[in-house]
Amino acid sequence: MQGLVEILVLPLLGAATITAFKGLMPKKLPGIWASLLVAVSFLLSILADRRVATLSGSHHVITGVLWNWVTGFGAAIHFRLYLDPLSAVWLLIITGVGALIHIYSIGYMHDDAGQPRFFAYLNFFIFSMLLLVLAGNLIVLLIGWALVGLASYLLIGFWYERPTAVAAAKKAFVMNTLGDVGILLGLALLYIHYHGVGYPHLFQAFSQAKPGSAFFEWSAFLLYVGAMAKSAQFPLHMWLADAMEGPTPVSALIHAATMVTAGVYLMTRLYPLLRLAPITHELIGAIGAFTAIFAASVAFFQQDIKKVLAYSTLSQLGYMFLGIGVSAYTASVFHFMTHAFFKACLFLAAGSVIHGLSGEQDLGQMGGLARKMPWTMASFLAATLAISGIPPFSGYFSKEAILGQAYNSGHYFLWGIGVFTAGMTAFYMFRLFFLTFLGKPRNQKLHDHAHEAPLVMTIPVVILGVLAVVGGAFGGWLNGWLKPAFALYPGAAHAALESGPLFGTIVTVALAVVAFIVAFLLYVRRDTAPKAGTEQAPGHWMLHAWGMDLVWMAIVVNPLKLVGQAMGAVERTILAGVTGLAAGVQSWATDLAPIQTGYVRRYALSIMVGGVALLAYYLIRIGFIS
Amino acid sequence: MIPLNDVVGLAAVIFAVGAVGVLVRKNPLVMFMAAEMMWNAAALVFVAYARSFHAMTGQVMAFIIIGTAAAEVGIGLAIIVSVYHHRHRLDIDEVSQLKG
Amino acid sequence: MIGFIILAIVSLVGAFGVIIARQPVHSALFLVLNILSLAVFYILLTAEFLAAAQVIVYAGAIMVLFLFVVTLLTAGKDDREPKETLQDQRFWAGVLAVLMGGGLAVLAVKFPSRSIPLSLPQNFGNLHGMGAILWGPDFIYLAGVALMLLTAAVGVLVLNKPRPASKPKARWEEGES
Amino acid sequence: MFLVWLMAVPLLGAIAALAAPDRAAKGIAAITSVLTLLGYAGLLFISRASINWAWIPEWGIRFHLVADGLSLFLLGLSSVLLVVAVFASHKDAGRTYYFWLLLLGFSTAGLFAAVDLFVFYVFWEVLLIPVFFLLTGWSGERGKKAAMKWLIMNLVGSFFMLVGVVALAVIHSQNGGGLTFEISQLSHMSMSSPVASWLFFAFLVAFAIKAPLWPLHGWMPETYRESEPPVTAIISGVLSKAGIYGILRVMIPIFMPQFREYQMWLLIVATIGLLYGAFMALRQTDMKMVTAYGSLSHMAMMALGIFSLTQAGILGTTFYMVAHGLLVGGLFLVLGLLERRTGTRAMADMAGLNRSAPRLAAYFLFFVLGTLGLPGLPGFAGEYMIIQGLFVSHVVFAVIAGFVLIVAAWYMLRVFQAVMQGPARTSGIKDLFSGQVAWLVPLAGLVILLGVWPAGITSHAVPSLYHAMNLALGKGGVR
Amino acid sequence: MSYALWPEYSVVLGVLVTMFSVMVFKGRSIQAYWVALATIVASGIISIADWGLKGIPVSLYGHGVTVDAFSLVINGLVLLAAFGALLIGWNDRRYGPDFPVLVLLAMLGMMALGMANNFIVLFIGIELLSLPLYILAASQGPGPSGEAGLKYLLLGAFSSGILLFGLALLYGASGTMVFTQLDPSHMILPLAAGGLALTVVGLTFKLGIVPFHMWIPDVYEGSPTPVTSYMAFGTKVGAAAILMRFLFFGFALDAGWWGPALGYLAVLTMVVGNLLALAQKDLKRLLAYSGIANAGYLLVGIAAHNIQGARALLFYLLPYGLAVLAAFAVIQVVAGERESLTVSDLRGLFRRSPWLAAFLAVSLLSMAGIPLTGGFVGKFYLIQAALFSNQPGLAIGLVVGAMVGLAAYVRPLQRAFSAADEATETPLHWPWAGSIVLVVAVIGTIGLGVYPAPIVHIVNHSAAFYWLH
C-alpha cells in the first residue's frame, strides 16, 4: 500500500490525539500539531504521487485491499484503497491547501475557546476527504463521502450556540444525506448488475458495455444526485450559502477548495459511466451551466462578503460541471485546481478582513481598507483577477479550456451561458473588491481599528495569491499527468485540454473588462451604496436567491408535515384502539357479572335450561327429533 | 301385571313436577321436599326396570337411594334450621347476600 | 290397568299437592301421600322389601323429621308462601319442566326396555333376596350408606352446636400445643 | 459448555442478588454480568456450541440449544447490553431490580439459543415476566398500566403462536414423522395450504407484536416511556430483536411458500411502518419518544430485509439486528443519563447543554449518528445490505427505504440539536463521570469495530443463515 | 383378599380413630388433626405401595369398583387435596375437631369416584363427597357460610335428582349398571341419549361447567377458606375422574353424537369463567371463577376424546390443584381473622412479606399459564390433545379464554407488588402448617414447569385406555 495508509492515518491520529488530550495541551499546541500532521501527509502525498508517476505499464495505479468490508451475499466488498493520477491531484490539493489553511487557522482561531475542538474537526475533515479520494470502490467512497458531510456539519455548527449556525448545519447534513442516498442506490444498482463496486472491476465492465440503456442512465443519474448534493448543484444548492455560518477557514477549505468539489471528483472518476449514459451526461452539463449563471446572478447584490464568495463558488462549480458535461474532464480538474487556489485565497483574505474588522462581514461597513491591509488587498486583487478570467491569471486558462471545449463539442448554448457568466463573475467580484478595499470607509470607527492580519495568517494568503497568479502554468503538466488516467478506459474523447476559437477568448475577455469598468464606475467613481439596486424587482429577487428556500418549503417540507399530521391521527386511533379493546372486555365482564343474581332458584333454572338444551341436542343428534 | 314403560312415564312426570317445585317454591323446606320427590321418581324408575330385567341391582340402587336420602335429609334440615333459626320468614330469596 | 291409573292419579295428586299447597305442613302431608303411592307401586313391582323400606324410612323417619322441622321453624311466624318476586321464574320453570318431563315421558313410553319372558327368579325383591345381596356381594354399598349416615350424625352435631356470639381471637400457638 | 455457562451464571447470579442485601446487589449483578460476558467470549472460540438434552421424552421435546452464526451474535448482543445495563443502573435500585434484570439476561440467552420450538416458546414467554415486574415495581401508576399493556398484548400474540407451535408438531406426527418440536425437522414438513397460512399468521402476529412492527406496536410508546433507561435499552436493544429473530429462525425455514405468497402485502405493510415510525419520530417532543418511534421505523427496516427474501436482505437484517441493538441501546442509556441530570425529557425544556457537558454531548452525537445510519458506523452497513436486497426483489421499496434514511437524519439531528445546541437556557449539568465513560467507551469501540468491519459478523452468520434458507430452498427458497 | 382397597379401608379406620380421639380429648383436640394427617399419609403410602402391585388392575364387587393405575393416581391427587385443606385449616381455631373427620369422609367419596365402575358406586361417591362438604360449607354459622351451605345443599340435591334419573334411564336403556358393560351399539339409543344428557348434567354440575356452574362462586366465597380449597381441588378431581371413567369406559365407541356438545360446553365455560373473573373484587370469588374456567380446560381433555385427552386431563389436575392450594394458603394467611379478602387488600403484600407475594405470584402465573410453571405444561398438553383430535376450535377457545383471563390473574399481582400505604405495613405471621402447604405447592408448581417428564410418564402410563384411538 506504499504509504497510502500513512497519508490517511496521520490526520485521523491528529483528530484523535487532540480530542483525547485537549485538556492537557497548551493553548497553541493543537493548531501547530494539527498543521504539522497535515503538512507531513502533504509531503507523503507528494512521494506517493511520484511513485504513481514512476509506475511502469499503461495505467498508473496503486491499489490494495485493507480488509473485507462485507462478505456473504454475492461477491465480497473489500475495504480497498486506490491511488491514480486523478486522485493524486485531489490528494495534493487537499493536503497542500489544507495545510495552508490549518496554519492560517492558528492565527484566525487563536482567541476562540473551542480552538482544540476546531482543529480536531479540521483534521477529521482532512482524513475523511482523503478517504473519499483514496477510496478503491464506491462503498469506501461513500463512507468518506458521508464523513466529510459529517465534518462539514460539525464545522458549520461549530459555534453551536448560534441558532442560525445550528439550522444551517442541519440543512447541510440533511441535503447531503440526500446525496448519500443517491450514491447508495446508484451503487446498489451497479452491484446488482456487475456483482462488485470496485473501480477497476466496474470500469472493465463499462468499457465493454453498449451505451444508452436505461440501467446506465439510472445508475449514472443516482450517482449524479450524490454529486449534486455535495457540490451544491441547483436545486440542492441552498445549504452552501447557509454554510457560511461556519468559521471562515472552514468556508475556505471545505466549502470552496475541497469538499464541494468532491462531486467533480466523483463525476470525473466515473467518466466511463457517463459515456454510457448520454442523457444524464447532457443533463449534467445543462444543470452545471444553469447553476453557474443562476449563482452569478444571486451573487450580484449580496451584502455579506462571504455570501458573495459562496455564490461565486457555486457559480464556479457550475463551470466545472459544465466542463464535465462537455466531457472536458481535464479542464474541469484544472479549473478545480485553480479554483482551489484563488477561491481559498479569496476566502482567507476575506477572513483576514473580517478578523481585522473584529467580525464584521457586512459590505456596508467596509471600504477603503487597501491602506490598512495591503498584503491582503494585493492577494485578494490577484485572486479576483484570476476568478474574473483576466489573462494571464490562472482562472483565465482553466475557464478558457472549459468554454473552448464546450464550443468545440458543439454545445454553443452552454458556451454562451458560460461566456456571459464570466462577464457577470468579473462584475460582482470587482464590486466586492471595490466595496471592500477602495472607496471611502463607510464605517469610520471600524476602519480606524482595522489592522493587517498577523504573519501566520498573511503568509498563507500570500502564498495562495501567488498560486492564483501562476496557477495557469500547471495546465500543461496537468494535461500530461492526467492523460493515463483518462486514456485508460474509453469514453474520454475530449478529456485533454483543448483551446477554443479565438473570437471566443476575445469575447470573454472583453466582457470581463467591460464588467470591470462598469463596476469601477459604479462603485469607485460614483461609489454607490452596496444596497443599491436591491429594492426593486430583479435585484430584490437576486438578493434573496430567487426565493428558492420558499419553493423548497412549499413543495417538499410542508407536504411532509401534512403526512406527518395524518399519521399522528392514525397513531392516536391505534393507541386508543388498544386501550379501548381492553376496557371493552373489562366493561363487558362487569356488565355480565350481575347474571349471578344470588337467587338459588335462578341457579336451578339455569341448570334446568342447560339440561333441556343438552337433552334436546342429544335427541336431535341421534335423530329422535328431526 | 302393570305396564312398565307407563310406570316410567309416570315417574318422568313426577320428576318434572318435583323440578318445578324446586324452581317455583320459595320455602326452602318445600324445595327440599320437591327434590326428594325427584329422587323418588328416579328410584321408581330403577325398580321398574329391575322388574323388567328380572335383575335386583335396580332394587339395590333404589334402596341405596332411600338410605342416602335419609342421610341427606338429616343434614339438609340441620342446615336449614341453622340458617333460618333467627329469620322471620322461610324465604329462600332472602338468602342472597352472595352474588355478582 | 285400572289399578295403575288410579295409583298414578293418587301419586300425581300427591306430587302436585306438594308444590301447590300454600303451607309447608300441607306440602309435607301431600309428600307422604305421594310416597305411600310409590310404596304401593313397589309392591306391584314385586319389591316388597323396598316397599317396606319406603314406608318405614320415608313415611316414617324422613317425613316425621320434616314435620318436626316445619313446626319448629314456622312456630309463631307466618308460614304462608311469600309472593313470587323473580319475574318469569314460574313461566320458564313450567316451560322447561314440561319440555323435560314431557320429553322423558315420551321416551319412556315409546321405548319400552327389553323385558325377559322367563318367570321371576327365586326371592325376587323380598327380604331374603335383598338381604342375600346387600349382605353378600354388594355389602360395600351398604357400608357406603352407613358412612353417609355417620356423616349426617356428625353434621347435625356440628351444625347445631352453640356458637359464640363473637369469634374468638385466633391464637396461632394453640395449634402446636 | 459455554452455553450452559451463559445461562447458568445469570440465573445463579439472580438468585444470589435476591439473597444478598440491597447494597451488595449491584456488585453481585455487575460481577455476574461480566462473568456472563466472559463466558460468551469463550463461546466465540467454539465453532458451533450446542446443548442437546432430553427434556420431555414423551412429547419428543429436547432441551436443544445451539450457538450458530444466527444466534451467536445476538447472544453477544444480549450479554453486552446486560453488562452495560447493569453498570448504568442506579446503585440504590434494590436487589429485586437486579434479580429481574439478570433473569432477563437468562431468558434472552435461552431464547436466542433455542432451536427446539418448545424451548423457544418457553423462553419467549418467560422473558415477559421480568419486564413486567421491572415496569410494575419501579414506576408509578402509569408504569402499572404500561406493564399490563406490555404483558397482555405480548401474551395475546404468543398464545396464538402457542397453538401454532403445537399444531406444527401435531401435523408433523400425523404425517407419520413422530412428535417432535425440532425446527430443522418441522421445516421439511408438507402442510395443506390454508392450514399453513393460518399458522403462518399466528406466528407472524406474535413476532410482529414483540418487535414491534406497525400496526401492532400499541404497547410500545407507554412501555418505552415508563421504563427505567437500562430496561428500555434492553427492551429496545434485545427483546425487540427477539421478534425479528423469531421470523428468521422459525418462520423462514418452515413457511417459505407463505412468504412467497404474501410477500407483496408484507412488504407494503412493513414499508408503511417504516415511513410511519419515521414521521411519528419527527413529530415527537419527548426525546425518548423520538428514539422509540425511530426504532419502530428501524424494526420495519429489518422486517423489510427479511421480506425481500434475498440473501442480501436477510443477511443485512441479521447484521442490522446486532448493530441496531448496540446503537439504540447505547442511545437510550445516554438519554437516561441526560434525563437523570436534567430531570426532564421534553426537548423544549433543554438547550445548549453541550457547553456544560461536552463529553456527554459527544457520546450522544455518536449514538445519534450511528442510529441515523451514518456510513462508517454499523447502522449503515445493515441498511445498505437490506436496501441491496430490496433492490433485487422490488426497487420501489428500496427507494422508499432510501428516502426514510433522509428523514432519519432529520429527526435524529433534531433531537441532538434541540438538546445539546442552541443558546443555553437552562443552568449547566454535570458532565459524564469517569465511571460512566468506563462503559460508554467500550460500547462505542465495539460499534466502530462493527462499522468498519461488518464482515466480522456476516462471514460467520452466512453458513447457518444459508443453512436455514436452504431448508427453505426446498419450498421456493430465496434469491 | 387383595390389598387393592386398603387405602380406602385405612381411611375408614382413620375416621373412626379420629372420632374416638375427639371423644377422648376435650377442647379443640388438635389430636384429631394429627390422626387425620397420619391417616392421609398412611393411605398415601399404601396407594404408592399398591402402584407396582401385581393383581392391579383388579375389579371387585361385581365390577362395582376397579382399582387400577388411574384410580391410584386419583387417590394421590385426592390425598394431596385433603392434606392441603387439613394443613391450611390446621392453625385456625375456628375449625373444630369435626373438621378433619369430615375432610376424611369427603376424601373417601372422592376416592370412590376414582375407582367407581358402576352407577351405584358412582352415586355413593358423589353423595359421600357432597354431604360432608355441605356441612363444612355451612359450619361457620348462619352468615355467608350458612348461605353457602344452603345453596350448595339445595342445588346439590336438585342436580343429584337429575343425575339419578339419568342413570335410571341409562339402566333401562342398557340393562346394566357397569360402565364397562355399557355398549351403545346394543342400547335403546333414544333412551340412552336422554339418560346420558341428564347424567352429564349431574356430573358437570359437580365439575362446575357453564351453565351448571352458578353455585360455585357463591359457595366458594361463603365457605371457610380451607374448605374452599378442598372443594376447588378435591371436588374437581373427583368429578373429572368419574366423568372420564363414565364416558371413556361406557361410551368410548361412537363418541360422534355426544362428544361435540361437551366441546361447546368447554369453550363456553372457558370464556365465561375467565371473563367473569375479570370483574371480581373478592379474591376467593375470583379464584372461584378461575376454578370454573379451569373446569372448562379439564372438559377439553374429555371433549377431545382421545388418549392424549385423557392423559392431558389427568395431568392438568395436578398443576391446577397445586396452584389452588398455594393461592388459598396465601389467602388464609393474609386474611387471618376475616373470612373474605378483596384484591385491594393485597396492596403492599410484597413489603409485608416478600416470600408470600412471590408464592402468590407463582400460583397465579401458573393459572395464567406462563411457562416454567405447571399450568403452562398442562395447557400445552391439553392443546396437543385438542389438535390431535382435529378440533382446533377447542385449542383456540382455550387460548382465547386464557387471554381473557390474563388481566384477572395479573391485577392481584400488581396490587401485591406495588408500594403499600403505611396502614398495612404490619408484618404477617406464618403458621407453620400453612407454610408447609405453600412450600410444597410452589415447589411442585415450578418443578412441574421445569421438569414435567416424570409426571408425564406416570400420567401416560395410568391413563392408558387402550380402546381410545
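Labels for the chains are A, B, C, D and E, by order of writing; each one numbers its residues from 1.
The working rule: a residue touches a chain if its C-beta (ideal position, glycine included) is under 8 Å from a C-beta of that chain, and two chains touch if they have at least 3 such contacts.
If you're wondering where the values come from, they're calculated on a predicted model, not measured in any experiment.
Enquirer: If you check the contacts of subunit A and subunit D, which chains show up for both?
Expert: Intersection of subunit A and subunit D contact lists gives E.
Enquirer: Does A-B or C-E have more contacting C-beta pairs?
Expert: Of A-B and C-E, more C-beta pairs in contact link C-E.
Enquirer: So, comparing each chain's Cα centre against the centre of all protein Cα atoms, which one is closest?
Expert: D
Enquirer: Of all chains present, which has the mean Cα position farthest from that of subunit E?
Expert: A
Enquirer: Compare the CA centroid of subunit D with every other chain's and tell me the farthest one.
Expert: Checked the centroid distances; the maximum from subunit D is C.
Enquirer: With chain centres taken as the means of their Cα atoms, state the distance from subunit D to subunit E in Å.
Expert: Computed value for the inter-centroid distance: 42 Å.
Enquirer: How big is the gap, in whole Å, between where the Cα atoms of subunit C centre and where those of subunit D centre?
Expert: 68
Enquirer: Give, as an integer number of Å, the spacing between the C-alpha centres of subunit C and subunit B.
Expert: So the centroids are 4 Å from each other.
Enquirer: Return the distance between the CA-based centres of subunit A and subunit C, expressed in whole Å.
Expert: Comparing mean C-alpha positions, subunit C is 101 Å from subunit A.
Enquirer: Counting only residues that touch at least two other chains, what does the list for subunit E look like?
Expert: In subunit E, the residues touching two or more other chains are 120, 124, 127, 131, 134-135, 138, 141, 150-151, 154, 158, 162, 165, 169, 172, 175, 190, 194, 217-218, 279-280, 407.
Enquirer: Specify, in ascending order, the residues of subunit B that touch 2 or more different other chains.
Expert: Subunit B, residues with two or more chain partners: 8, 11-12, 15, 18-19, 22-24, 26, 31, 36, 43, 45, 48-49, 52-53, 60, 64, 68, 71-72, 75, 78-80, 82, 85, 92-93, 95-100.
Enquirer: Which residues belonging to subunit A are in contact with no fewer than two other chains?
Expert: Correct list: 582, 593, 596, 598-602, 604-605, 608-609, 611, 615, 619, 624.
Enquirer: Which pairs of chains touch each other in this structure?
Expert: A-B, A-C, A-D, A-E, B-C, B-E, C-E, D-E
Enquirer: Touching residues of subunit A toward subunit E in the complex: what are they?
Expert: Of all residues in subunit A, those touching subunit E are 582, 585-586, 588-590, 592-593, 596, 598, 600, 602-604, 606-607, 609-611, 614-615, 617-619, 621-622, 624.
Enquirer: Going by the contact rule set out above, which residues of subunit D touch subunit E in the complex?
Expert: 54-59, 96, 118, 121-123, 125-126, 128-129, 132-133, 136-137, 144, 147-148, 151-152, 155-156, 159-160, 162-163, 166-167, 169-170, 174
Enquirer: Would you tell me which residues of subunit B are touching subunit C in their complex?
Expert: Residues of subunit B touching subunit C: 2-21, 23-27, 29-30, 33-34, 36-37, 40, 43-45, 47-54, 56, 59-60, 62-64, 66-75, 77-82, 84-85, 88-91, 93.
Enquirer: Which positions of subunit A touch subunit C when the two form their complex?
Expert: Interface residues on the subunit A side: 599, 601-602, 605, 608-609, 611-612, 615-616, 619, 624.
Enquirer: If you look only at subunit C, which of its residues touch subunit E in the complex?
Expert: Touch list, subunit C to subunit E: 103-104, 107-108, 110-111, 113-114, 137-138, 140-141, 143-145, 147-148, 150-152, 154-155, 157-159, 161, 163, 167-172, 174-177.
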